[in-house]
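A short write-up of the structure that comes next.
A, B, C and D are the chain letters, set down in written order, and residue numbers restart from 1 in every chain.
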Amino acid sequence: MKEKTPVAVLGATGMVGQQLLTMLQDHPWFYVSEMVASERRAGIPYGETTRWMVDTTLPPAMALLTLKGPNEALASPLVFSCLGARVARDLEPVLVQNGHLVVSNASAFRRNPDVPLLIPEVNPESLRLLSAQRVIGGRGGLVTNPNCVVAGLALGLAPLHHAFRLTKATVVTLQAVSGAGIPGVGAVELVDNLIPWIEGEEDKIAYETARILEAPLAISASVHRVAVLHGHTMSVSISMERTPSREDIIGAWEAFRPPGDVAGLPTCPLRPIVYVHDVQRPQPRLDRMAGRGMSITIGRLRPCPVLGFAFELCVHNLVRGAAGAALLNAELCARRGLIP
Amino acid sequence: MKEKTPVAVLGATGMVGQQLLTMLQDHPWFYVSEMVASERRAGIPYGETTRWMVDTTLPPAMALLTLKGPNEALASPLVFSCLGARVARDLEPVLVQNGHLVVSNASAFRRNPDVPLLIPEVNPESLRLLSAQRVIGGRGGLVTNPNCVVAGLALGLAPLHHAFRLTKATVVTLQAVSGAGIPGVGAVELVDNLIPWIEGEEDKIAYETARILEAPLAISASVHRVAVLHGHTMSVSISMERTPSREDIIGAWEAFRPPGDVAGLPTCPLRPIVYVHDVQRPQPRLDRMAGRGMSITIGRLRPCPVLGFAFELCVHNLVRGAAGAALLNAELCARRGLIP
Amino acid sequence: MKEKTPVAVLGATGMVGQQLLTMLQDHPWFYVSEMVASERRAGIPYGETTRWMVDTTLPPAMALLTLKGPNEALASPLVFSCLGARVARDLEPVLVQNGHLVVSNASAFRRNPDVPLLIPEVNPESLRLLSAQRVIGGRGGLVTNPNCVVAGLALGLAPLHHAFRLTKATVVTLQAVSGAGIPGVGAVELVDNLIPWIEGEEDKIAYETARILEAPLAISASVHRVAVLHGHTMSVSISMERTPSREDIIGAWEAFRPPGDVAGLPTCPLRPIVYVHDVQRPQPRLDRMAGRGMSITIGRLRPCPVLGFAFELCVHNLVRGAAGAALLNAELCARRGLIP
Amino acid sequence: MKEKTPVAVLGATGMVGQQLLTMLQDHPWFYVSEMVASERRAGIPYGETTRWMVDTTLPPAMALLTLKGPNEALASPLVFSCLGARVARDLEPVLVQNGHLVVSNASAFRRNPDVPLLIPEVNPESLRLLSAQRVIGGRGGLVTNPNCVVAGLALGLAPLHHAFRLTKATVVTLQAVSGAGIPGVGAVELVDNLIPWIEGEEDKIAYETARILEAPLAISASVHRVAVLHGHTMSVSISMERTPSREDIIGAWEAFRPPGDVAGLPTCPLRPIVYVHDVQRPQPRLDRMAGRGMSITIGRLRPCPVLGFAFELCVHNLVRGAAGAALLNAELCARRGLIP
């Protein structure tokens, strides 16, 4: 049995960081060796300074780990970044230059053409960009995963795009509160209410989805925050070049499997896309944990009189949409020998 | 001062019935003289058998009114129907034949070409159908208002259609629980959850909106139930024949006023359409009571890369979408001397 | 007609400040002349810097008022303080010394024996402390209202204490999110959840209730935050020296009226205590607006096998519990000629 | 390896039935052989007629099982009853007479002195009543578990009662919606609201707790339904004959272990009582799954100025409070050879 790789987690006290820690707890390849938080928390044991919000228990060994400050040197070759975009923009390049492989959930470098924006089941070939980075930058590197909506949307669209060529898509989201982190949206704003706007989100959805699918796809996104804890739901309408039947589309989803060396990665689900036939599904509470949170659930495929077809899609924003996305990316890097 | 007209309310114990009673409480033209409920409640005072769910106090005089059964003769010339579709289908024609003007919120006869599907500010001329009914059926008549989503959507689209000719629209709704009546959706289904489906709703939205706008409009509707008490929010994208600017569209909304004899009706708002410039609005809790619940609120007008323009719209489903819609219809009938 | 008194509002951008502004909008005696916020907002029109959270529209005239900084001199003789305790501790004494009557909702000076802790219907005589302040401090003065739970609890207990002498009380609260201000508790903490703790709250409840009732009352408080927007509900059990019947207690509540010169104040309800006989009431959504938010609602009075009697009580935390409490206090000061 | 015992589940389509099915899915001793529902569902495969509400996937093998009607003969020696009280009152005695061991979650026979009201960790000796039943009634028998609140409360009080003799307790509950079954309370009643009443609940809490603890304990219960999905929280105050310190009480909880042959049952947690030191806990969302839902979580132990000590307790109403309670009871019966 191979030795496990030590990893560092940046932004470990946030919502995504907490989720990642629970997923790393019994990971077969990685173990958490270092955690990094903001300067004012440096030197404090993780468990003492973290408002634990995930419904599994905080692993005791992790509770005792002392937090490092953002500027301390890290010993771990693999660094997970669960930082906000602003901090990530400054910190991630430094880590890359110091020779770390940074697997980031932050949005800071997702539009950088030299940085892979990776969903392993969809565009594993984008990891080639990492070699290009290394020609310039040494052994370090940066890999990003998409926004939590895109993580589900691009995965659901991928088999349709490959089989039928997408041309247009409208997506209207109903997003969970855990996507806004801690403290996020106040309860006083969401009890008996919803908010039809999330800063920067609609642009990210349009840009990142098109980039991952490598398609000149016209995407119209309209986003909403609703009183759901985990699980982003979205209502999608699509136009395609070809004219598949309803059965063709469902068939494309049901036949979809992780390609090549992605299949069998510890966090990779057997079936990344689950189609449900119950007309009342997908529902975030009931479906977000499909494939231990790594499968998206699609339902209600029906003709759309305006664009062609419409359907509903649900993705666990913290698992497939953030922590699990980064972890799966890191696993693919590990399998390909890309960890320094 | 003219004497007030006595009115009967069918389905008075339901959610829409309760809302209507509160709006009739100090009405300048009408007073509640009779209430009708299901057979098993007949003979019981209203206040004793009703689970009062509206947050204003039940008017004491109404609490004492004894409920009539569905087959008892009614003395009131004007009858409001807040019935479910199945019961309405049987009962409303009988009342019409007995010479009552039935102003109905039920969906049973909305597709009947002889029955007005009326939003006074949008298609007041549809009331002419009432005369046709009377040629056949005596002094009675039936007038309906649209579905609670359509009540807001058709109103918001009307000035755009008249100015710029709509060709296509997609609408994705986030609908409040009070729209499902009592008991409606269980809390166990909506805590930390949403449901991406409401029976029959998408068809109603497509059909009724096109009928009211008298437009061969392709409409794609996707509906969701969310944990909001009152206020349906919808994300709308539209294509138009002409190519207005953003300012043109906002201008059309802001210039919209109730036409002719509709203006000044007791329940008619001065401005049926309110445009809000705050990017985080409309929100159901904050905006549903605009114009005492009779104005819709629109915001976030922006280019839609797929269809042309996108915006968010909020309508109070119980007021503008149901009880207030019926009441305004009745007021227009009264002003035009159409009450028997 | 007397001229209206200009008033200043400190902490006008917060939840309580917003509620107070709506209540001052058409006030017969006062008008908002100045608003004060934190230094960084000084000089900005109120409407531009405030995240308006109250469901009535922000009065346009107020939206245009330019915010003053905390250290600017104020011209208004009457100053409402909706500040947090920490800022209030520094700022309120300065304003008093500058000759203002400060009517405060902050907790900073509620335990000061020279400062009235006033509920006009319960202990109007406590206003005498103001004269004592003035002997020392000139024309200025400070009047406080109790914590939002105590505002309801002490009012509900007062007629029982006077008639039957309370000896013990346990109170378990289910408190609304608007009581925590903006942003308050995150939605991520309250969706499908509750929090059994609010910092400092249990002590305030025990101390302030006993002070207002002037009783050596043993009070045990246990507090919870729940996903309700407005309206604190509490489950109360009491022991009394005398042994009234259930009817005696309900009679004491129903007979309770505002005393002397408190009755008829603009914000004073005719019946500060409403007893409801429906076994499922009081409910915050249905009962919080009783008496335009200034009446508390009590129900379910029943024998308690441990202490004597138990009942449920609901108070609108923002109206009777905060903004309305301060406003009523100011009105009593005005009626008694205590405004400088 | 012993063969598994076939079991029948009555009321399999309800909330408790669904939870029980998931817990029986990989049970080491039992397997689901028969399911019984109401007459109108008889003959239909379980998966076709059940609105699945539990967030784990419905086991496919179970989805295919054909439902039996309430009067069909059952082959399984062990029958779980997840029925409502009214149906249970008629059906359970018949099953007992037909020789089945009925392990019931229904309230119908909990007050029958010949029927064990069992929490294995607390009063395992109550199973002796089963032998008495059999003297009269053959090989069949009936065992009940307590109400979902009592399942947590009596467990939390047991070690205190044994060590310090309880005399009085007040308990105020904040109960989850899944406790009301399907459809239960409407969302329209609980969005931005709570309900301070549940029919019959307060009596059950007082009676059942005293019976299980075999104590002449004065209990005052006040119950509330809140917008939480799973997990009943309660605020408890107690008086005791002896005068333990805070440490003594926490020590009694932390030392508590399942007694004798209860320890090691498949569904029995290692530590049925978990004390949390975080002042903001227990919270239902974060703590309900302690011990896979079979451990209760207690926190905030503090002096109560009225009764002695106060604390907060959380129990998963569907697991420890219902399905898991019945399952653990059945396991104890199995270990003791009491299954026919």
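General remarks:
The definition used in the following text is that a residue touches a chain if its C-beta (ideal position, glycine included) is under 8 Å from a C-beta of that chain, and two chains touch if they have at least 3 such contacts.
Here the structure is a predicted model, which means the values were calculated and not measured.
A comparison of the A-B and A-D interfaces places the larger number of contacting C-beta pairs at A-B.
For this pair, subunit A with subunit D, the centres built from the Cα atoms lie 39 Å apart. Centre-to-centre separation between subunit B and subunit D, using Cα means, comes to 46 Å. Residue positions of subunit D touching 2 or more other chains: 53, 191-192, 227-229, 285-286. Interchain contacts join each chain to each other chain, per the touch definition above.
Interface of subunit A with subunit D (complex): residues 52-53, 55-57, 191-192, 229, 285-286, 289-290.
On subunit B, the positions that touch subunit A within their shared complex are 168-170, 172, 174, 191-197, 206, 218-220, 222, 224, 226-229, 233, 235, 237, 279-286, 299-300, 304-307, 310, 312.
For subunit A in complex with subunit C, the residues that touch the partner chain are 15, 53, 177-178, 180-192, 227-229.
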